[in-house]
Amino acid sequence: MLYHVRMDVCPPHDIDPAWFDALKAAEKEKAQELQRAGKWRHLWRIAGEYANVSIFDVADHDELHALLSGLPLFPFMSIAVTPLARHPSAIG
Amino acid sequence: MLYHVRMDVCPPHDIDPAWFDALKAAEKEKAQELQRAGKWRHLWRIAGEYANVSIFDVADHDELHALLSGLPLFPFMSIAVTPLARHPSAIG
Amino acid sequence: MLYHVRMDVCPPHDIDPAWFDALKAAEKEKAQELQRAGKWRHLWRIAGEYANVSIFDVADHDELHALLSGLPLFPFMSIAVTPLARHPSAIG
Amino acid sequence: MLYHVRMDVCPPHDIDPAWFDALKAAEKEKAQELQRAGKWRHLWRIAGEYANVSIFDVADHDELHALLSGLPLFPFMSIAVTPLARHPSAIG
Amino acid sequence: MLYHVRMDVCPPHDIDPAWFDALKAAEKEKAQELQRAGKWRHLWRIAGEYANVSIFDVADHDELHALLSGLPLFPFMSIAVTPLARHPSAIG
Amino acid sequence: MLYHVRMDVCPPHDIDPAWFDALKAAEKEKAQELQRAGKWRHLWRIAGEYANVSIFDVADHDELHALLSGLPLFPFMSIAVTPLARHPSAIG
Amino acid sequence: MLYHVRMDVCPPHDIDPAWFDALKAAEKEKAQELQRAGKWRHLWRIAGEYANVSIFDVADHDELHALLSGLPLFPFMSIAVTPLARHPSAIG
Amino acid sequence: MLYHVRMDVCPPHDIDPAWFDALKAAEKEKAQELQRAGKWRHLWRIAGEYANVSIFDVADHDELHALLSGLPLFPFMSIAVTPLARHPSAIG
Amino acid sequence: MLYHVRMDVCPPHDIDPAWFDALKAAEKEKAQELQRAGKWRHLWRIAGEYANVSIFDVADHDELHALLSGLPLFPFMSIAVTPLARHPSAIG
Amino acid sequence: MLYHVRMDVCPPHDIDPAWFDALKAAEKEKAQELQRAGKWRHLWRIAGEYANVSIFDVADHDELHALLSGLPLFPFMSIAVTPLARHPSAIG
């Protein structure tokens, strides 16, 4: 099942740079693992913003929440989820 | 180049039903033609709303505007465009 | 799977009263049929507004969209869908 | 009497982790006690957000405010209350 | 139990003046009847707007909704309800 | 002359608790003194929020501003003022 | 007493032009009469919009509401009123 | 002096097509005349929307308002004006 | 040329009180100097808020920006500028 | 390809002044280098705000994001990007 997810990252200005670098590295590793597993189907950067638009393909709301709330940057992200249904004009 | 596009359809309540049906049929035909051409890469229905989230892959802003403003339902749609860049954590 | 749905009804002021009454009767019948089927788990009126808060329990996004877009008053409603996951502090 | 309550949790980034863990444990205990007492009728997680949608069933506004303002995480929550009336199409 | 209610009146521009005058007269009569009954405790005009702020004192959400949705101008009003609890610093 | 005032209290998270307790005690004393003087005609808690709705009855805008800006919690409050006129349907 | 008032004019598109011209002429006459009477102290056009910013100097909220609601264009205006107090740094 | 202007065009759905075509032709002629005169320095289409972003270079606010309010499509446009000052990092 | 300016002051809660007092004294001095020079034509307090509405009369956008950005409290203010044109119904 | 970019600068109040001065100097140098390279076509200050409106002319979304996210003040800016297409009424 597909979910449209927008994530805006807002780290506090006084965050320890080394710790934040470690978080970002862990986030990247996790994002790539989920992409390889087919759960995180698309990941795009919103031009000019520290934000992304993503498409997740997971079994249900619980799996989605588990994945998102388990991201290393979750405490510093504002997230909006939109459930996507099949469009009658979509092909393939 | 990729663009994230959200379209909300708001037909006037007193629109002639036969004309609106014709517009919707033309819209569907156009949407499928653009999908087959690889311009309209994804088309999803937002669950519960007369709206879609789409990903377009076109040469530039002018082509995007020409495609969107040429849609039969364009006069009845509110459209928001977001340019998408490559995300450093995206694979493939 | 549970979805939180808010529906605001905004009929046009010049709608034919007899037709609107027929739509409302059909809406009520459909709402009760879906409640009896266990799909529409809760239906509450927002005090003071021509709006409701509902909880749907359906298989997936496609079923939710099919149900909502099939409601007789759908053309006159503004709808917002929020996917609900299990809360770690919920009992039972 | 039923109230729809949305709670968004926004802890400050420099909160002491041990203290926050203690608050969360106390919050969970309180939430479950109120659920067992039939006051907190439903508690759902909003997928992807540190937020919940809840239904409270209490005697009046004063009891609702006493319960909500007594929650351990109250100082870190943004709360919106909506009073719910019986819907004419609701069954049972 | 007290409720804070804001009502904004937005009649359609092409409403029949005679009918609208009749609705306003009926609204006034109903408003005064509810004030005399102690249900509509306060009624103030927001300066410069076709809107009011009111305080209702009714038994529960259902009674509030019945009163508000029964007002002659209800179809032309946008209404926002806020439940009021006792303030710890209030006297008397 | 009547003014509708909404106050939302947002103390900083790292405020010294003893100092904040002192401020709240002073606020309460001031609020009750102004109520007894007939200036602060109504004071209600918004259910579920650290906020109030109030009605002030003062000579003019300058007196209102002097009273509000002199409240001990003023530096931590977001305040919105709405001037109230007599409503043509109000009785008494 | 001074009030800051913003008025946005939104005539319906199908308004009868002759009638609207008559309303605008009456509005202008009323506006100039109130300026000459010292009630409407300032009247500025917001550049690029069919809107104005005004300063009224009237006895109280009731007089302000009577003046504003008596304007010929009142049914087609959206109005926002802000009460102005003396600023401690103002001279003269 | 430079002004940033955004114009959103919202023609009523039941506008007479021939009349609207005439208005658009007149608008285009006026826009090009003002560009040639150096008053309308830039005119860009916002991709996907019936809207533009423009830069005007005129003597003062009065000239700007006269130009904008004289556009044939002015009655159907929502306009937002932002005054632009020289940026300390701008070259040339 | 006239500009409508709204300034909202939001000092950080942990600002040094002595320094902030010095800034406010310098702001007051500057505001009065600009009023005496005829640049800052009106300065009003918004009742109940740490904010003002002002009218500036300066040569152009650059002078306005220089004045505003040179105010001692500028780093702690949120400012909105609206250019004012002559209103056709204004007298004198 | 042209992009409209608005940047609002919001440095934290406790930022080290010397470091912030260094960042601003680096930002200015980078902005001028990009202007000389023809990438940053226009740069205007929004009067009264610590913000700018800019026009970028770059090859694609990726180049735009690289430029913007590489600005020294990027961590302290809120940025909104709007893609600009050719307007049918634009000349030259």
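Letters A, B, C, D, E, F, G, H, I and J mark the chains in the order given here, with residues in each chain numbered from 1 onward.
Everything below uses one rule, namely that a residue touches a chain if its C-beta (ideal position, glycine included) is under 8 Å from a C-beta of that chain, and two chains touch if they have at least 3 such contacts.
This one's a predicted model, so the numbers in the text were calculated from it and none came from an experiment.
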Touching chain C and chain J alike: which chains? A, B
Applying the touch definition from the top, give me the chains sitting in contact with each of chain D and chain H. none
Fit chain B onto chain H over the CA trace and report the rotation angle, somewhere between 0 and 180 degrees, nearest 5. 70
Whole-angstrom distance, CA centroid of chain B to CA centroid of chain G, is 43
Per the centroid of Cα atoms for each chain, what is the distance between chain A and chain J, given in Å? 26
When centres are defined as mean Cα positions, the distance from chain E to chain F in whole Å is 23
Flagged in chain F as touching 2+ other chains are 2-3, 14, 45-47, 61, 64-65, 81-86
Which pairs of chains touch each other? A-B, A-C, A-D, A-J, B-C, B-H, B-J, C-D, C-E, D-E, D-F, E-F, E-G, F-G, F-I, G-H, G-I, H-I, H-J, I-J
Complex contact set, residues of chain D against chain A: 13-14, 45-50
If we count contacts the way the header does, which residues on chain I are in touch with chain J in the complex? 3, 5, 12, 14-15, 61, 64-65, 68-69, 75-76, 79-81
Of all residues in chain E, which touch chain F in the complex? 2, 4, 27-28, 31-32, 35-36, 42-47, 52-53, 55, 82-92
Taking the touch rule as given, give the residues of chain B at its contact with chain J in the complex, in rising order. 1-3, 60-62, 64-65, 81-86
